[in-house]
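Okay, structure first, notes after.
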């Protein structure tokens, strides 16, 4: 029954942080509800747009060109994710060196170069041009 | 055989409680995602359920996967979904929300 | 690059002095030409109303003032300035024929009510008469008045006498001069 | 060099009988009355054959005694010659109509709209005769007419009738009362036209487009005006401009004041340029009176106006910086600090920091104080050094250059077509400066350079301003060296100003461009008509075409680089 | 005594210990962070005043205006809570809560200095997990969600543009920032922030200057401070996603920005400036790491304010260009450099 520290145990306090973090604003809002005046009028609650009545809705369709940014982001984010586990192995003996050349390092350098080429291709194709 | 004594182990109870809580959150948010009338609300519920899945991974001692879930699913895929919502036609959204 | 900007702000921060003045404690030096609250030389003012006429905003009104110079006409009036409307253009000062209206360096004229910033002659006048002077002036004025009255009375008397003389002469011409002389003697 | 006489004789031979009467006074100003049906042809002839390519403005005068309206078109040239043509067109009061010049000059648009809404003169062929400065309720009362009875009282809140629109917003309307209709202060038959909002809504096409209000309460605007941009994502497709939120009716106010009382009111056209506004108005009245300031007075005016130019450019540049940076951006505050010293110099003479009201007909209010020369020279030395620093900053900083280079480019032809003047025009490689073009005061004796830039972008406009600060410093130093002793006011200026009937136009180089005052006298002690032709009015009109196709962030950079002042536009 | 009992208990019942210690630490840290963030607001206003030849707050609380923030807080608490009529109410209400809560998630994993007890360095960190750098990186990436929630729910065009810009900016800088963290971890052979700090016999800012610059730029972008505050560019879109927020709700969002600024600066100090490392000061050796840590932190914070008052703002397309086309390739180059140099030093 002796409890050795497992990786998960480090995360338990964080739940408390999340709860306290949520309680701070909720407490503040509750306090405001008690102290502050509440005389809401229709005018007071109107949308601010330079002092005039807005023309049409704010929620519109944006240009689809922007979607390329999001896709590129997902791709690169996932590929960066592959790099994290590698930190632990690149200098260890987990992946042996062949002929004095570390496979882990060479492999990852190749990976970076491939990423770079992909990025340059993206830029050249003007996929990342802000319209 | 099930060792009944472990039901009295407080650690087990905590784990069980955490798991059931997370399960309820995941299921609840997933159902809300599907049935929500507003597409942005759906997206946000989905993000919440991703977060709960991340917590589930962590509680299963797969911490790296859990954090990766946060980074990729909430940070990247979630943003992709929100972006996609902003790029949809408003009339489409209205159909969704009224239909 | 952006370093020049950073250098500039750092230079100002380290070598610089605070330029902002802590206002109510420290007031900046104002030049002599400053156009602030008016100053009215009450001894010079002739109450002509040129300032009121030239004012583009109609903020000057002429009002009677008890402590004005009683030597002058009692109906003389002095300017009252509504600083809620004044725009400190200085036209009234330029136009004053007696050069009695000037502008001072005072600029703090805030008030709680609109009436608080309507400055009457009692607020803007300089060279005001103190009570003794005022009494002396009043005395002088009274004397002058008396003198005037006396003169007037004298003049009236003289006129009367003249008239009587003329009448007597007339009567004498008619031959009744003796009768009147007798009556007077009695 | 073309003289006014040449233009007149050319006109008379090209259009026999079209010129009804004409005079040249003073030299370089040609006043001519043109037959109403010939005005477009005459202007076209002048533009094409005598390079009158600068439409400087228009003024409408109500001559109620003669039963006429008079529209005076002001034409000038961008440097080809120095003649100003003031062409008058008369039209009967009961059915006023004049041919529009918008087909010839793009920027005639706003000037004619203003005359239409104020005087009720119809402009034939004008593409968009909608109100510009007045609100919709007031169109039809024609406030510039001499028989105008006053506005209906729209100010009291009790009269407002609340209306909830379909999208849940409240709007107010002010129906006139019976008494007002009887008194004639309410327009009875109002002209029909689509409102500003309706005109905007017509332009929205796709799902991804929206109209964003920037103003009247927005951080970008120097005063309340409405800049609406139709955006697609971050790109501006079209811009709409609505002004008149703070219309004060200064020109009408001045008609109800004596000439002298008008001087402090000209300050209020724009506080940054109070002295030049004074100068333009006093210059026009001096022309009517036929007097001139003594030499010392003219020098003092020049010194103060150049100092005022320095402070205006410093603040203008600083404000521009806050627009492309943020309100806490330090160099802006440094410029404010430097400007304070310049203001102190001016204050030591005029007694006021902002609204100077210092220039008088035939001179200035008072002489320079003791020690002014030393104080000013010290300040100028500091300003020179600081300005060099700021210039270096602009040249070296890569973020500035990214934000300003190639943003809002005005080609020389485009700048002339849009009718802008001052630094924006000079930044577009057009050396057009009133101090050279139409020398007033003693500028013809001064040695200075008209600053120009070739690029025509936002950066060039700011650079022109910074260089002009240096040039102004040089002019002031010359003035301080050369200033003679003597009186500051001309002899024999009457206290009660009553010019002979006539009219005068006088223009000066404001800090922002061409500032002109057109004053008509009917022989009484009050002007019959005052018309201020301000430079910012022209900038504002030129803004919407400049903003097409830029990013939202560039809207700020372009509008800021124009150094606008709403107060003067609305007057 | 007590300490050993606690450690024993912790070893036996890590989950309960975690919950209890988490609650206590979270409560304490939350209040400390709030106070420090308030001081930070005051510091920013005061330092900004210094850079701009003016005083800054100087009335409330004496010549230094230390009580200015108390006054501001009182004002925010007594202001009416207005929810705009066009807003999507649940999302609008939840946005500030999500913002503050996710910020606290970062705070749990960050070491706030260290103390030396019996010659042993004990880092002051609540959750000292082995991949804490990765965790912080992931938690920071959630921030954009709350900004999006605030911006979208307000149903205001300025807010909408602000939210859109916020996401576009976040996705442009997340990847270079992640690669920078990896470069640091490569040199330290660990993803644990405490170990990264301890591995810095030479500051990583010196070992990888390029990475330091990239990370600093990406951090400023993440914090949304000048010259990267396009989401709140008041001259263009008033206050971005904050526009419709007022009173305490605005206060929370504003406050959260300063908390993130504080946490981000701490991260920068840990990853590149050697954290609490420094020569032991003899007399007060107990807190000498804290002194070094605070000195570095204050310098970083003042530098952030200095940058804010000195630089103009980029345009949003220039920001994304900078992120994608310059910083991302450069960060990959930096990673290669880190691998090579790391091997050489190792």
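Labels for the chains are A, B, C, D and E, by order of writing; each one numbers its residues from 1.
Keep in mind that, in the parts below, a residue touches a chain if its C-beta (ideal position, glycine included) is under 8 Å from a C-beta of that chain, and two chains touch if they have at least 3 such contacts.
Bear in mind that the values here come from a model prediction, so they are computed numbers and not experimental data.
> Going by C-alpha centroids, which chain is farthest from chain A? Tell me that one.
That would be chain C.
> Taking mean CA positions as centres, which chain lies farthest from chain D?
Relative to chain D, the chain with the farthest C-alpha centre is B.
> With centres defined from CA atoms, tell me which chain sits nearest the overall protein centre.
Smallest centre-to-centre distance to the global C-alpha mean: chain D.
> Starting from the mean Cα coordinates of chain C and chain D, work out the distance between those two points in Å.
42
> Using Cα averages as centroids, what's the distance between chain B and chain D in whole Å?
62
> Using mean C-alpha positions as chain centres, tell me how far chain A is from chain D in Å, no decimals.
51
> At what distance in angstrom does the C-alpha mean of chain E lie from that of chain B?
Computed from C-alpha means, the inter-chain centre distance equals 26 Å.
> Could you list the positions in chain B whose residues touch two or more of the other chains?
Chain B, residues with two or more chain partners: 11, 63-64, 68, 71, 75-76, 79, 83, 86, 89-90.
> Touching two or more other chains, which residues of chain C qualify?
Within chain C, residues 2, 5, 8-9, 12, 19 contact more than one other chain.
> Residue numbers in chain D touching 2 or more other chains?
168, 207, 210, 212-213, 218, 234, 330, 334, 337, 397, 399
> Which positions of chain C touch chain D when the two form their complex?
Against chain D, chain C makes touches at 1-2, 4-5, 8-9, 12, 19, 30-35, 54-56, 87-91, 94-95, 103.
> So in the complex, which bits of chain E are touching chain A?
Chain E reaches chain A through residues 11-15, 18-19, 21-23, 25-27, 29-30, 34, 77-86, 96-97, 100-105, 107-109, 126-131, 134, 152, 154-160, 164, 168, 171-172, 174-175, 178-179, 182, 185-186, 189-191, 238, 243-244, 247-249, 251-252, 316-317, 320-321, 324-325, 328-329, 332, 335-336, 339, 342-343, 346.
> Name, in rising order, each residue of chain A that touches chain E in their complex.
On the chain A side, the touching residues are 2-7, 9-22, 24-26, 28-29, 31-33, 35-40, 42, 44-49, 54, 57-60, 62, 66, 69-70, 72-73, 76-77, 80, 83-84, 87-88, 90-91, 102, 105, 108-109, 112, 115-116, 119-120, 122-123, 128, 130.
> Taking the complex as given, what residues does chain B use to touch chain A?
Per the stated touch rule, the residues are 9, 11, 55, 58-61, 63-64, 66, 68, 71-72, 75-77, 79-80, 83-84, 86-90, 93.
> Flag every residue of chain A that touches chain B in the complex, lowest number first.
1, 3, 6-8, 10-11, 15, 57, 59-64, 66-67, 69-71, 73-74, 77-78, 81, 84-85
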